[in-house]
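Going in written order, the chains are labelled A, B and C, and every chain counts its residues from 1.
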Amino acid sequence: MTSIDFFFLPWYKKVFIKLGNFFKALGKGLFGFILAIPKGIWMLIKNIGLFFLGLGKTFARGDFATKISFVIMGFGSIVRKQFIKGLLFLSVEIGYFYYMVKTGWNDMLGLKSLGTKQQGWAFDEELGIEILQDGDNSMKFLLFGILSVMVTIAFVTFWRISISSAYETQLIKKKGGKVNNFIDDVKDFFDQKLYKTLLFLPITGVLLFTILPLIYMISIAFTNYDSVHQPPGNLFSWVGIKNFKVMFSSNSVLGSTFFPILIWTIIWAVVATFGNYILGMLLAMLINKKDIKFKAFWRTIFVLSIAVPQFVSLLLMRNLLNNDGAINMLLLDLGLITEKIRFLSDPLLAKFTIVLVNFWVGIPYSMLITTGILMNIPADLYESARIDGASPYVMFKKITLPYMLFVTAPYLITQFIGNLNNFNIIYLLSGGGPSNLDYYQAGHTDLLVTWLYKLTVNSKDYNYASTIGIIVFVLSAVFSLITYRNSKSYNNEEEFQ
Amino acid sequence: MKKILAVIMSLSMLLAATACSNDSNSSKSESKSDSQNSGGTSNTGSDEYQLKESASLKVWASQEDQEIVKEMVESFKKKYPDTTWNIEFGVVSEADAKSEVLKDTEAAADVFAFASDQLGELQSAGALYKITKNKDRIIADNIDASINASKVGDDLYAYPSSSDTYFMYYDKKYLSDEDVKSLETILSKNLGGDVVNFSFDMDNGWYNAGFFFAAGAKLFGDDGTDPTKCDFNNEKGLLAAKYLISLANNSKFKLTDDDITKADFADRKLGATISGSWNAEDIKKSLGDDFGVTKLPTVTFEDGTTTNLGSMANFKLIGINSQTKSPMEAMALADYLTSYECQKIRFEKRSFAPTNKELAGDKDALSSNPVVAAAAEQAQYATLQSTIPQMGNFWTPAEAFGAAIVNKEITVDNVQERLDKLVESILSTLT
Amino acid sequence: MIKKEKNDFATYYDNSSAKKRQKGGTIVSYIVLIILSIIWVFPIFLLILTSFREEPGSFTPYFLPKGYTLDNYIRLFTETDQFYYGKWFMNTLFVAIITCIISTFFVLSVSYTMSRLRFKMRKPLMNIALILGMFPAFMSMIAVYYILKGFGITQSLAALILVYSCSSGLGFYIAKGFFDTVPKSFDEAAILDGATRWQVFWKITIPMSKPIIIYTILMSFMGPWVDFIFASVIMGDKYENYTIALGLFKMLEREFISTYYTRFAAGGVLVSIPIAILFIATQKFYVSGITSGAVKG
């Protein structure tokens, strides 16, 4: 079908086709996501294979010093007078073995059982009281077990590097070339290998404060770490995918809470993202109008609301919108209403209130961002549209919106994912309330993330919280894959340089 | 005077009575624990705390208690001068203690105050130290109900420090002593203007459970320890729910919370409300001579029965962190903080009803405080808050149920079905 | 980047025959703008009003305060037995400055690397970063707490700095988008002249990247002023090490709210002023930062 055909279709058919396309893309995205998993596993196996293959080759071709380097890291370097480098490698090895002997090995073993010794009591003759006998702490077993695995992987990487380095110097020596001394190496790290230098600290930070906690939390989803298995008094253990089964079965309390909240989360993310975006754009266009004076003044007024930190403005709003809050008092005083409006305590109204407050928070941002881009839309587009007699509405729909969507697609994706995980506004404004009798530990306005938070903080059901976290991740990943991979800025990265 | 005296006695007597009926085995189990314990203590033969030369402890108490706790700790230090004490203070309220302690037990305070409904969960998570030093004396010193709230099985896990329930505050400008005897009378009054007759926090399980208890429904079985039982959906529960529905539909009723209550009394826009001793000071300040406080009123259910409104009672307890480095010293401090002297200070300065038998029986002292007297009078209609871990599952559904009534989602037509759902949620387990 | 207002597209609605309608339209536009402005300013106005309110409490059954006072502001700094507002302010400032230095360095390093340097792991690393960004951040906050505990620095400002800055390397996409638009020819010329890549990064690219640096600084500086979740997990009961956001959040807890609500408002006003000035002064960099990655698409 050509675009002209499409243009002449009745509106409902258009909607139908658009929906069809959407689901096609969704299916494709899901499919891509599911395909990505075996692909990733295959890549991993392949890389491990290549790793050993390379290792074997190096060992076969290496001379005596290189071969010794397999056991004593840095030996090859020291023999070839790269003392500092060699000693650095050696100290990494010593450090690693020290760590493993001291705690690492036990930590790694503990990962399997997650602890066996229960807390207990023993009578102390001298004091005349029962004294606590510490048991194993499953949570620490898990965390430090993962840490020891990560340290081991890092060590193996270093080990591989040290062997390569020994082999390379061997080759250079053989050719009669000059072996880099330490200063040369350092210089290299600021030139050819600059990327290693620049990435070292950021990656270490991410490994420690993002990846390690993340692996830990993902692991929790496969254990029974809930309110009845809390350390230090109790042990928890691996349960496989049981938590996911519980979450997805509609007859469990969790399942019957999960699906309604999931639906509301998606509705919320769509309304919040596109509502803010379109309304912000309209506001920007309004201020941009030629005959509006004091443009900077109007913009500043809206920007002011960004400048007040969100937790201040939202906590304030929570009080203003209370049944006895200032807004109801004002409306009563003015005689506009006779009964208090239950902004945040009526289930349906609360949802609207939250969406509206989110407009208050979000519109200034999108106004600010779209203002500049709006001015960059080629003028002749409007000119020719005007000659064709297009109405402002048609111009907005056919020119402004497509152009803007095209340019700001990455921004919209981040906004959408941000809204899926929009914790602040729900938590600060309604706290998820009003509570819902049909839900487990959740209220009518809870998003998956706020429910996740409640499960961790209030009811200490860490395993289910993690399960939800993983589901939220899959949701965001699928959505991003659909849109981001198709966006130009991803595919044509090199074009603009 | 005589009347008050009788009332005071009822505090200890009746709470004790409820406790006895709570646990028919209590006398048996107590004697068992006695024999167990005497075996232990006889080895040392001393009630004295064997303290180290120096000890570092951290104490958690609520914001309002900081000042008096610091005072108490000073006198504690004087009592044990041979030890060099290094005592730190942290602000964590009784209500938040559970989540803060369980977040990282090692980093939590050695000695902390918490509400008795958290006992089950804290104990099952292994966060509480078993109290074996001077166990018999502590059990003997405090009223039985408070000891029951501090025990899991036969083991003692906390020191009772005060009892807590709610009762009614009213503005004498609008309501007389006679009026406040029955909720129907309160609601029948025409107070004029935008003055609300009666308010209470309906979407809060702590308060709305009182109506169910008044009707005769039971949470977690007769003794409050059976996690598989809750009969809020039987015909008695139905009476209570219907009463709540009609109350919510009454224009003379208002949904409130602590903050709104205080604002309403400050503005003299409220007849009567349900609240506890923590608001006493503020309300007294607002109402001055018109300050009225008494037990909860009676209610007349649909079937014509009239009973006094029930309430949920709990205890403020002081627990010892299982991860503490100085258990003996922590026990000495916790014991002192809940002793006769300290409970007296709490009673005098904060209007907290004591759990110490001697103090609770000291009619002269107690009668001087109308707030404590009201609490004591209400105590006979109070139901002890359950301490089993399943109690943690009660609050959210009860809140949701109350909110749905206020939102008029629950009406007489679907109330039975929603009650069934309420019970199902309260009793639900995840696995 | 944004060009000056050179082609106000509203001009294209201009039509001399419809001048009258145009004028009516302008009035409607002004009315809409004024109404919207009132809606947007109203909560801020109320915040300021509350901060001067004499009578305490979070709710008043009337709208306008009965009395006005400066007490709420003064008490924030004088009554420090429980809430150390002044100290919190300095804590936050300190954390924000250090975080901002570390984060800016991290973000610029990573984004420059990803944009300019070519190496085997580049694409995989970028994909991993994208994936990591999609996990709900505070899903892992308890684990982060225990890692900090492993370092022995819980309840300290250092812990907060680590949490705020260590993962900042992940947020490189916007800055990378900017670097992608900076012409490569400068780099190549410099390298031909014998400059190392570090010198190119430090002496050529960084000085040319003012907007994105300001954007990055701004974003990482703001973080500590608004986060209260991580701060509350890390600080627990250690009030003197709270940040301003957490402290203000505490003031609204059940046991404090009726006494501290007006002081919360005063504290909110005080913390908003520097942020407002900072933001308004640098908003053009904010916009160019967000859009620099996008416009090229």
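The rule is simple: a residue touches a chain if its C-beta (ideal position, glycine included) is under 8 Å from a C-beta of that chain, and two chains touch if they have at least 3 such contacts.
Note that the structure is a prediction, hence the values are computed from the model and not measured.
Q: Please classify the inter-chain touch graph. Allowed labels: line, ring, star, complete, other.
A: It is complete, because no pair of chains fails to touch.
Q: Would you mind telling me which chain pair, B-C or A-C, is linked by more contacting C-beta pairs?
A: More contacting C-beta pairs are found at A-C.
Q: Suppose each chain is reduced to the average of its Cα coordinates; what separation in Å results between chain B and chain C?
A: Those two chain centres are 43 Å apart.
Q: When the centre of a chain is set as the mean of its C-alpha atoms, what distance in Å lies between chain A and chain C?
A: Centre separation, chain A to chain C: 18 Å.
Q: Where in chain A do residues touch two or more other chains at once?
A: Chain A, residues with two or more chain partners: 322, 324.
Q: Quick one: which residues in chain C touch 2 or more of the other chains?
A: If we look for residues of chain C contacting two or more partner chains, we find 58-62, 142, 146.
Q: Specify, in ascending order, the residues of chain B that touch 2 or more different other chains.
A: 260, 263
Q: For chain B, which residues count as touching chain A in their complex?
A: 40-41, 43-44, 46, 50, 99, 102, 105, 121, 123-127, 129-130, 132-133, 203, 255, 260, 263, 322-323, 327-328, 331, 389, 392, 396-397, 399-401, 403-404, 406-407, 409, 418, 421-422, 425, 428, 430-431
Q: Residues of chain C touching chain B in their complex?
A: Answer in residue numbers: 55, 57-62, 82, 142, 145-146, 149, 154-155, 233, 236-239, 253-258.
Q: Give every residue of chain A touching chain B within the complex, in rising order.
A: 119, 121, 123, 125-132, 135, 224, 226-228, 230-234, 246, 252-254, 322-324, 342, 345-347, 433-443, 457-461, 464
Q: Taking the complex as given, what residues does chain A use to touch chain C?
A: 139-140, 143-144, 147, 187, 190-192, 194-195, 197-199, 201-203, 205-206, 208-214, 216-217, 283, 285-292, 298, 300-313, 315-317, 319-320, 322, 324-326, 329-330, 333, 360, 364, 368-369, 371-377, 379, 382-383, 385-386, 392, 395, 406-411, 417, 421, 423, 449, 452-453, 456, 462, 465-466, 469, 472-473, 476-477, 480, 484, 487-489, 493, 496-497
Q: Quick one: in the complex, what on chain B touches chain C?
A: Residues 60, 62-64, 66, 90-93, 95, 100, 103-104, 107, 109, 258-260, 262-264, 266-267, 269, 282 of chain B touch chain C in their complex.
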